[in-house]
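Input: one structure, supplied below.
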Amino acid sequence: MRQYFGRKLFIYGLTFVAAVTVNWVIPRFMPGDPVASMLARARVSQPEAVEAMRVYYTNLFGFDEPIWQQYLNFWGALFRGDFGISIYVFPVPVTDLIMGAVPYTLGLMIPAVLLSYWVGNRFGAFAARRKLLDNTVLPVGYVLTATPYMWLAVLLAWGFGVVAGWFPIAGGYSFSLTPSWSWTFFLDLLHHWALPFLSLFLVALGGWAIGMRNMIIYELESDYSNYLAALGAPAKLIRRYAYRNAILPQITGLALQLGVLVAGALVTEIVFSYPGIGSLILKAIQNQDFFLLQGSFMFIVIGVLVANFIIDIVYVLIDPRTRTGMAGAQA
Amino acid sequence: MLKVENVTKVYKVGTFGGRTLTAVDAVSFEVRPGEVVSLIGESGSGKSTIGKMILGLIPMTGGTITVDGVPVKPGRDYYRSVQGVFQDPFSCYNPVFKADRVFQLIKDSYYPSVPGKEWTERVHSAIEDVRLNPREVLGKFPHQLSGGQLQRLLIARALLLDLKLLIADEITSMLDASTRIDVLNLLAELKGRGLSVLYVTHDLSLGHYLAERTVVLRSGAVVEMGLTHKVFDDPLHPYTRQLLSSVPRLHAPWEDAPPVETCLYHERGATGGLYEAEPGHFVACAKLDDC
Amino acid sequence: MSLRVSELRVHYKTLRGDVKALDGVSFTMDDGEILGLAGESGCGKTTLGKSLIRMDGRMRHVGGTVELDGRELPIGDDRAMNDYRFHEISLIPQYSMSAMNPTRRIGRMVTELLRSRGVTLDRKELESRIGMVGLPREVLDRYPIELSGGQKQRMVMVISTLLDPALLIADEITSALDVSTQKAVAKALLGFRDGGYVKSMIFITHDLALTSHIADTVMVMYAGKLAEKAPSEKLIKAPKHPYTKLLINSLPEIGVRYEERKLAGIPGSPPSLLNPPQGCRFRDRCPLAGDECAEEPPVNEIEPNHFVACWKA
Amino acid sequence: ACTGGGGTAAPTPATSQAGSPPAQGNAGALPRNETLYTTGTQWGPPANFNPIREWDSATGTKGLVYETLFHYDPNAGKLVPWIAESGSWTDDKTYEAKIRQGVTWADGKPLTAKDVAFSYGLGKMETVPFHNIWDWLENVEAVDDQTVRFSFSEANYQEWDFNLYSRVIVPEHVWTGRSEEDVLNGVNENPVGSGAYKYQSHDQDRVVWVKRDDWWGKTALGMEPKPKYIVDVANPSNEVAMGMLLQKGLDLSNNFMPGVANLINGNFGITSYYDEPPYMLSANTAWLVPNTTKKPMDDPAFRKALATSVDVKKIVEGVYGNLVKAASPTGLLPQWDQFVDQAVVSSDGFTFNTDEAKKMLADAGYRDRDGDGLVENKDGSKISLTIEVPTGWTDWMEAARVISSSGKAAGIEITPEFPDFNALVEKRGKGNFDLVINNERQLSSSPWTYYDYMFQLPIRKVQNTTNFGRYENKEAWELVQQLDKVKTDDVEGMKEVISKIQKIHMDDMPIIPLWYNGMWAQASNATWKNWPSAAEGAPKHAPTMWRNWMELGGFETLTQLQPAAG
Amino acid sequence: MTATTALPTEERVVRREALYFAVRNPKLVIGFSIVLVLALTGLFGPVILGVDAPNEYVAMPMLPPSSEYWFGTTTQGQDVFVQFVYGLRTTILAGAIGGGIAAVIAMVIGFVAGYRGGMVDEVLNMLTNIVLVIPTLAVLLIINAYLGIRSVGMQALLIGLTSWPWAARAIRAQTFSLRSRDFVDLARLSGVGTPRIIAREIAPNMSSYLFMTFILLFGSSVLIAASLDFIGLGPTEGVSLGLMLQNATQWSALQLGLWWWFVPPGAAITAVVGALYVANVGLDEVFNPKLRET
């Protein structure tokens, strides 16, 4: 067991190093110079002032040091939780910006992922091998998974927001409120959260339902299901057992899907101007703010890594087969 | 001919290879030209592992295997004279191709220059050698042929080469009683032509039917070996006795042998190497009298 | 008279037509009897076993009846059969190795299974039966994966017989085991019968030698039909059907050596069950076949309890 | 003008009112009827409240919180006294401003001439953006509490007026001792200004200002902005902004909203300055900038033909749906109409005419030699130009496509390319481009700023803000400097110089004016009314929160609003 | 074992069994029909329409759908149907290239890791893990944001380079189980080398599986491409369904009532990808007798 975790940690550690390096490398080898963009923004024309500013910002961002030193500095800063200073929200530290956005993103992602996972799997398991449901409701599931996030999101925003007027279409909470620990504020948060959540939820829901349906069909045909049936066990029990086994691959599926879900959240946030990481990233891209981009990306990588790690561990804990595998019963 | 000396195989097992499993433990035996040696033991005792090591399909952890004094060197030249036929004929054929592809592979590797016509003739004669009708079996998919036919085609395939040694790994376990006997008879005939055969099985009666000499394995180690009739008629090792007593016989009731577990010295086969109880009859325990 | 099967016909639906896997099989079994069912692969043994407890989606009950203790079993009606399953008829499947839910501890699975059938678990009884087959009672706290093949086999045996069924169907439960485990499992089965946990048993295997050790009566099938049925002693010693004879003759036994006695197989192969030929189905491979064999031989009781379906018997 | 959108799927006002998103009457919520919601300025989270950072400080930092000596009224063409009561040139090189009595900072301290002197003195720091005025400004001193004296080495009257309403006055007692880094890069939390509003709160997507009850302007200027709170929402995307406007969640949007004409014409309670094309006031001129160092753009004849080839009407109608106006050949904004020398324009100006463009090309020696319908250079080499606009700037991208296709029609091969903004900035600065679109000069107090952009010399290795086309014409540049030195009340003197400059522009076409970008402003009448408009009796200010536009009428707009309910 | 009496007719039946079930599987038939129709529209539409510049302003702006302009026109007066047809082509192309590249990488890595095992497997596994854990879209965002050239091909390439990990894992697992099949050993005993064994023995056995993997990769490539387009990181030239969506949103199509501009591209993406997924399930049922409805 210890070795297993050691191994996993090693892999994840390596992944992390790779991600950080990629993240550090890409902007540095792409066209466009952040200092130049800062200068262009400032609309300064006097050559002396331009030069002075250039020196100043180059120094501020640490671009005057040798490249390897920059790399090491990056790591050092990373461990201090310092992702540098944003260019377009100058001079706010990137960490502050991200911390401001993270609660929104997590508040959107975690319920969307967990609820869609739970509901979708239940639903898929319920519909499988029931002719009527299988042929009517599951196609809806296919359509949902195949829907581009933004398309659904825009339709929802327009339909429920603009036309029906039931939901706001932008922001994390009303522009008339200041955050406080009150019901009013909480309900308002919820009100703004509903549509983005729904669009994420629906698309993911379809995917899980289908995954589960395809998975559980195999389980329902499996030997242990047949055995139970031969002993006259009711369909409910058989389905319950099949579900338990079918959910296991779905857990790995969750790990595989996480990246996609993050992408979905990103696009959804953009559509709803939801003040999470996604909106931040978009702005960072539009404004060539590569420190912010790096920071947000690092945050996502760390998030996905941690989530994957948790999933890996959970999987080992709930599947007895992997556990005995560790003890050597499997080849 | 074939010499297996102190061969050991250790597998890494567990999700990330956390533990080791000694599948074959310092096994030594010999197969002489024109001889059938049967390798007997329960499931998981390491029989197939030994076979595959001889064929060079899996690397050894320790020991040496030589064929005619030359160490195993997996590759085209080695397989020209050493071949194997496996346990499960159905999995030996690629299900998406026709069964006679196995012959084509041989031709591509070993006889690329033989003209097609001559090759066909050779294949036909090999198939006839295993007593099949070429017209019935060629050009068909594996699932359209019976296990016995597939098994015999595999033997025919081996016969196309200048074979010296054949590893026959449980080649009859999947077959019907009646087909099984046909295949065994075929092996016996091959032996008559001077071929050495290592016959791997867990069915004692089959081993007895065919082999000159028998090696009994348990948990990867040799517990008893010697001339077949000696081992079967006068089993020395309690494990061999237990095995023999468990075989259901048509005309005799099950006899009871004391379970091996009662023996103080045989927790896990032999440790002190083999002991020659009588000429040509080895056993893995020097303290048999105490049992 | 505990089980009476008459003229049972069960077909498989396939694309190419119906596979007539059981084509009119009749036999009876007494209380306490173990019937060994032997025959070449594909002759319909499993099909017979399945017909008696649960037919799969492709199977079709075409004709014939099955009576258990005088009541006719609704074998074609999946729902109606449910009342009989487990309570009256039970099964140890061919796939015992994978018959238990891999993600539930065995004890829990058994409890849930029983509860779903409206029975409360008698833990003591269960443990004593587990002891009987030579398993430690801790197996109940284990996952199936933690058991060896033979242990799983025996555990399934215990589960299947928990409700003391009148009829137990054991389908090839020993073919995947090595000889010593095989023996242990077989002994356990006998113990169950003797302990009264099951009244009668159908023991399916293609290993005639093994059958002869367990079964009171052996029934040999050939291509979806009954070939011969007799008390096991008799069937081994004095088989009447040419197929049975050839089969027994092709079995090598310890003591038989190639150099000394060359055994011979049965030439040819069994007919396709899609379009089985008219008349005796063994005709093509039978050394004795004559003209009368063009007509289907009836099953005759040539001696008490010795049934043969052959004109020449 | 548009046939489609009419009322088919667009929301009806009735339903959208039902669910107006800002929570109403909630405890702790800003009261809707006292709050003004705006958007269109802030392109991201409010970053800082540093008025020196005119380009990225939070909306309203300058204008609501910090004020300038004067405002400028583009309609009257006059400076409007603000913090300064008056100002005048006491001699050719000395300017004196009188500071109002009773102007106080938000912390209660009085604003004096010393603060003004201090604020202009900040420009001595090299990195402060207005550092360049110290090239010709010699000294600033507070003569007494109410008088500041500026002494110049060289009197650039035009530029000085521009500075008078552009430079903020910051409190010396708060700012003194700040390092250069702090002045330039500090966040300046809790800004202390003299303006009508002060900081209340901000979050990633908004900044909230609250009105100062003790603002000096109430009595001194006799005006009072109406909204108690101003919430400036960081720009959401176009369609979200439009949705919010329809939901009545926004009062004023200074976003470019394509297709908004439909809503203005429909019954959605949304108004703009004009109720017919171009709907908006004009804010700046979009130019096509040819790189005059490259062949064949170094040839004025070619540039002129190029100008003639551009189908601006198609851009105005097709791309913008008539939300903008085609520019006059001089490109001077409508507000500067009086400075356009019509004689020059009619003799030397250009108008779109594909055939004419073809002819001009042929006359200048650019002919199609290989029969592909596209002209070649005089030496026979291929002409293949690219027009670059930043990716994501949808309207410009469309415009670039139109320029490309109308150019092709005239025989000039132009390919649109959409690099990233950063990459484009770099190329533009270094002169590695063929054609770009640019609009970096806004309406101001003087056309001088316009011509300064066009002709500024010397050409440097990197051109950061002006003359991207690297056009070198000493004569023109001298004229521009000459213009700078004409007194701002000497309109005739200005016209005279400008006419000469215009002649050079029309003949040489260093840049090609295309259209006037709008002063985008869509307002909702649901909560606030009396928005500026062309209608009779309505205010005539620029209804905008844009940076540097508060002093051009944006602030005045706030003072004229009326609650819709009242 | 029973099929010894194999007749020629029987063989034909067996060979065509998959086909037999394929044409009777409604999921497969419907799914592929939709994809086929859309693909053909994309492929031949532009040719038939005879327009070569889909972004041209051809008509009055904001026209609702009519017999002349099937999907109406945009704010600029572009023919939405023409754009749609072109966009379909680009999008399907992006899916095919992206999915294709991803499938090739997944196959190479999956096969090699699964077949070679040991150290090679470990290293490849780690690589897979790394790419898997790094969120694709985020990487694409960064690369795209800093990349000057943005053609459809480039976009598809990037998508292909980042979306293979799950497929590689799946193929590896399959290869792993096939590797232990005896015919692989037999091929080695016949002196066949590793690459040939993978290509000629293992891969053909997984052909249906590989095909299904490709379908799924295709679908996800289309979706990722659409997301990128939508964020404004799509190809800088040409039309794709994602770019149409982006344009429609940026020009506030829905708010202005131009639903005909916004709805078709999204619906087409949904249809293509959804139909592929449905077909994929159908295929699964065809190739896996256990899943066939009885």
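As written, the chain order gives the labels A, B, C, D and E, with residue 1 at the start of each chain.
By definition in this document, contacts are C-beta pairs under 8 Å (C-beta built on N, C-alpha and C of every residue); 3 or more make two chains touch, one makes a residue touch a chain.
The shown structure was predicted, so the numbers you read here are calculated from the model rather than taken from an experiment.
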Required minimum of steps from chain B to chain E, each step between chains that touch: 1
Taking each chain's centre as the mean of its Cα atoms, which chain lies farthest from chain C? D
Taking each chain's centre as the mean of its CA atoms, chain A sits from chain E at a distance in Å of 23
Chain A and chain B, separation of their C-alpha mean positions in angstrom: 55
Using mean CA coordinates as chain centres, what's the chain D-chain E distance in Å? 47
From the mean C-alpha coordinate of chain B to that of chain D, what's the distance rounded to whole Å? 90
For chain A, residues that touch 2 or more chains besides their own: 31-32, 154, 158, 162, 270-271, 286, 288, 329
Chain B residues touching 2+ other chains are 146, 176
Contacts with two or more other chains occur in chain D at residues 237, 239, 243, 246, 392, 420, 423
Enumerate the contact residues on chain D facing chain A in the complex. 11, 15-23, 26-30, 32, 35, 37, 43-48, 53, 55-56, 126-129, 131-132, 135, 181, 184-187, 201, 203-206, 208, 231, 233, 236-237, 239-240, 243-244, 246-247, 249, 392, 420-423, 425-426, 429, 440, 456, 460, 462, 464-466
Counting only contacts in the complex, chain B reaches chain C at residues 42-43, 146, 176-182, 184-185, 188, 202, 204-206, 208-210, 228-229, 232, 242-244, 246-251, 253-254
Touching chain A in the complex: which residues of chain E? 125-126, 129-130, 132-139, 141-143, 145-148, 165-166, 169, 219-220, 223-224, 226-227, 230-233, 242, 245, 249, 254-255, 262, 265-266, 269-278, 281, 284, 290-291
In the complex formed with chain D, which residues of chain E make contact? 53, 55-57, 60-64, 72-73, 75-77, 145-146, 148, 150, 232, 236-237, 247, 249-259
So, in the complex, the side of chain C touching chain A is made of residues 53-54, 56, 81-87, 90-91, 93, 95, 98-104, 109, 112-113, 116-117, 143, 145-146, 156, 159-160
